[in-house]
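Structure provided below as structure tokens; questions to follow.
Should a chain be cited, it is by its letter among A, B, C, D and E, assigned in written order, with residues numbered from 1 in that chain.
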């Protein structure tokens, strides 16, 4: 059986003992399948389809489950195949260029085992492994349904870390938008908005999955675990509301920014126009006395020049006063 | 057992007697637990986790309940653990700088006791204590479910006080926006809008909690108390509608303000442009007679100057008349 | 027992007889309570709380009912207390200054009696009294549930009168907005919009009350009366749709007005700017020939002046032609 | 019994025979009531209330039914009175001035008869009469429920004719709006939008009526007819979606128009402003050399004039080049 | 029996054998109807109504089914006639001019047969035929319900191809809109938006059809097939969400474009206005010294000219400095 760079990690535990190792052949894990312990097999690549096939055969999975595992572009979903549940969700992380990386993760879990499938991306289940290593933790006393809860909890915590970063960005941006008026901040705002929309869309179907688990509609999940599922479900609702709040904050910030910008532009145009408007009649008067008619009584008069200056001064002053009283400047 | 600055207040009452005191050790209250009376323990800090742990053990609380009590950033929720209910809600108050302060409060209540947990903030339950002290009040004849009702009622009343203040601010602002056109009022409007949005978001999940209580889906709440729960639920609905109305008022005020501002700017620009437009052709005419051509028949004429003035006067007058008739000025 | 300016009106009727009188003491009406007739007591003031208390005792009302009656600021609601129903709704009227007056009305009705509470305001139930006085009318053959129907019907009819007035105002305003462009009409539009929003908000919970009655979820309402409740419910739906239509009409009128105003302003600015633009190059030319250089070949020429005029005329004409062809003027 | 210009049309049919005639007295149709045939009575006026009363008595109708028939301003509705159904809907048509005419129509139908009431307006049921006259058509083999289906089908077909006309208008308008920019087209757009809103509002409650019929919640409608009701219901849904699409098309066309108009205005203002901006510095230079200072070295120089012209030419050219490079012109 | 250019394709298969041929007369396929195999008859034209009639008779179809097949302008729907299901959906494709072509397709399927009706358009079911030809494929082992699933799956895959093309267009357009500001891109954006709206509207009712199939409300679909229906339903949901995301992307792109365009126009107008505003007071000064008054002390002075130039320079410089400090330029 080929392995093709796929790492198979086996974790098998109950209250008393814990086996954690990399295995070379999938057959090895079938041994653990029927023991009184929780068996968790994790695949970090989907490229080896023969391996997937033999897992499918070994655990008796429906052909559609394998198809779904291989289809990367999926909504989060839960499907009850009677003997086992199929779960599909996504892990999110920022890459170095601050862009979203979406990692689709699939999980199959029955009354004694959990198999998780992931193609690349971060190790989202590291905190779960930590818990399992702690012999006194609750997870060691519970079955695979609690393991799935722990996974979902780790995932949602990861989402919160992400949303906290986005929240920070939103606050920074809000602050910058009230101080300066750069086109770049606006661009950032739209990028941030798109990220939030993207996240909400990706996260919303997972809420339905959790709601399904929390309602306890499947017998694979024990009654005592349902209260935990409800807890992670509540976290999820809170997450979605936080995303909504951030989106509204952005919209609000944009509205404030746009109205301030528009008010500022109006203000500038008004001032500039007032300046032009004051000088245009004055220039007209200079034009009048710049005409070359031979017979203009004011021209040869000694008082002509000062009178003209005075006239212009008073017209200008009057206009400014009028504009000021009208609160135009 | 350490106490670490946590104040434990014990209130134990039935129709005939009332004990109200600060207690040093939590064990003291376990004594009251099995008596035929309502036992209310209030903690004003969550910092002492050993204390929380011993409360959890003493009253047999699920580990998730303690986790939820310690998690400050939560949505209001109600959870039925069979023997007791867990409630999570928030108290709101303005600080001196007129900003919101949110105080998360948790409550656990069973058939004979109520425990409330609060980290800092105002004493939101002071009116409840007042009621209990009055030996003839209804609360003394009823069980812990009525006590919870009294608490929620006090809380919702507190919300109404807050919303009344916001309403006043909204009205003040609306008034100011119709009179002046300051950028600052606009800033205030957006702050107020955000506060309302924040409040609505915080309050909306509590409505679901109350709806849950009002439907009487749990046996811990007696039938006779449900009618009271329904009453506080109706108050809640009314509160939310009031918040919605305020938000709409603000949007309306903003629309009026913006359309008035825009009309005003248009008006100013129009007037200024009309002034320029009237003088520009006149200035052109003065330009014509300011040209230095040797052969210009009008120049040496005695009637040149008055004729030019008359021409300009009539052009200007005609333009103003035309603009006036077109209702441009 | 004090009376404190409260008028108690008693109407007691069945198919055969009718008693209608003002009573001094509430005890008088208890006499009628157990007879085979419908007893309707109407209070026109809530100021006398001792009176309210004795009514509560006499008819066995829940303490919350009395609290609700006294709380003026309420949403319309219906509450089923088993033996009787509690209803809360509002009457609306315009005062002389064309502002809304909201009058909260409460009603308690059981299998044999109806008590209505109202603080000031119009006599909204006058048409009901008229019906009762008519010995042949249906109301005389039916029980208190039909009386409540008649009251609600009278109320909804009153709402329609109000909405008809608002409709008239909307049509007047729409007409005015298409003819003139006054800032005052805009102000009126916003006032009208707020009134409609206010009315819709006040009326919406009453729809739920009527829906509740129409579904016949309470045994106090007879099957034969439900068809009437359904009828008044349908009227209510129609009323709300009419209000919605009016709101949309106003929004439409505002859109038309704003787009027309904006088009008009653009038109004016365009024309004014075209005028300036045509004259500015011409003024430049006059400037050129107004320069005082000693050596300018055109200046001493006999053809200088007419040539310059011709040049300016053709430039101006060409520009106008160009603008006209581009459809800018 | 008065007749007062009301035309009573009686159609009575079964698979074998058909009676179609105008009757003078309503009593005539009671004869047909108990025969094994479908009896359809149509009234083309509601003015004769004595006639309505005797129909109500003859067919045992509830007083509210008669009230509803007489109330012209109604929402489409269906009411189940046990022995018969009451239906209320509207026919629509354009008058010659292209305005909507709404004709309220009421129908009562029981297990053997259908009575339709209409005040003026078109004969919306002409196609139904045609079907009945055809002895081989399905309608002749079925009961009054199929007759009601045929009526509703005819009505919805009539709506489609209307919507098709509106669709044509919308397309014409969209086309005109992309070519010209007349204020009148905008006015038409708003009229069309209002017509569509009006139609949607009038048609929406009929959808609920049809949904009610299609669900077969009443025993008067036979199972075999329900499939037909479902068909006309589907048509209705399609109609409403078409109206929605048209409304969205209009909104889209308006957006395109407004953004194009705004872009056009901006373009014009930009070009005009560029012209002014180029000439204003040039005019300033002519102003400088138009000053009368005695000692200006450039003035007596032979090269003064050509140098000034060159200067102005290069400034103007440079500005145009700069504006062009910045893509402002 | 006429054939009128209709091609009848018969596919009959079970696990062991496959018949695929064009048939001349519909009677031929009736032979296959009662065999233990899946019979699929495909018609590529609806023009021959006699043929349709004989199919209807041969398979016992309800008259409404035939009507629905012939009515081209339909919403996607599913109707359960007990013995068979009737399905209506649409195939989409781009024509060469990049416009949508909608091809309505009808399908009738019972426990042993599937009949599909299509008027022109692409061969949307080619991938299904491919699957059938593969003797080892699952489809050969399953009944007509799986065949219908395969058809719907092929159809939804086709939709995805289409949406992928639209997505590409959207991305191209987004890119172009951030770089240039052509009116044509805006036109494209609106066309694309309309296409997306159109597609969403056409696809939405098919989601309901699939939801209906997935819920397994009809006994014709076997339990084992429901899981496949659920899969294609999930694909559909994903498709609709993708369309929604594209629509939001377009709206976002439009917002960014418009705000950038508006900022750009404001910027240009501001710069141009600043230029005018700086030169207008300077031109006024040249006007002053261009006046012809005989007694102007500055005129004969040697320092007059340089002083005036200096004055103008410093005024201009001061204004630019002021504007710069105010961040107007």
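Quick note on the criterion: a contact is a pair of C-beta atoms (placed from the backbone, for glycine too) under 8 Å apart; a residue touches a chain by one contact, two chains touch by 3 or more.
Fair warning: this is a prediction, and the values are worked out from it, not measured in the lab.
Taken together, subunit B and subunit D share the touching chains C. Graph distance from subunit A to subunit E, where chains that touch are one step apart, equals 1. For the pair subunit B and subunit E, the distance between mean C-alpha positions equals 42 Å.
Subunit C and subunit E have CA centres that are 42 Å apart. Averaging C-alpha coordinates per chain places the centre of subunit B 26 Å away from that of subunit C. Residue positions of subunit B touching 2 or more other chains: 269, 273, 276, 280, 283, 287, 290-292, 296. Viewed as a contact network, the protein chains form a single closed ring in which every chain touches exactly two others.
By the touch rule above, subunit A contacts subunit B in their complex via residues 138, 227-228, 230-231, 234, 237-238, 241, 245, 248-249, 252, 255-256, 259-260, 263, 266, 269-270, 273-274, 276-277, 280-281, 283-284, 287-288, 290-296, 326, 328. For subunit B in complex with subunit A, the residues that touch the partner chain are 62-64, 67-68, 73-75, 77, 79, 81, 183, 186-187, 190, 193-194, 197, 201, 258, 261, 265, 268-269, 272-273, 275-276, 279-280, 282-283, 286-287, 289-292, 296, 298-302, 304-305, 308-309, 312.
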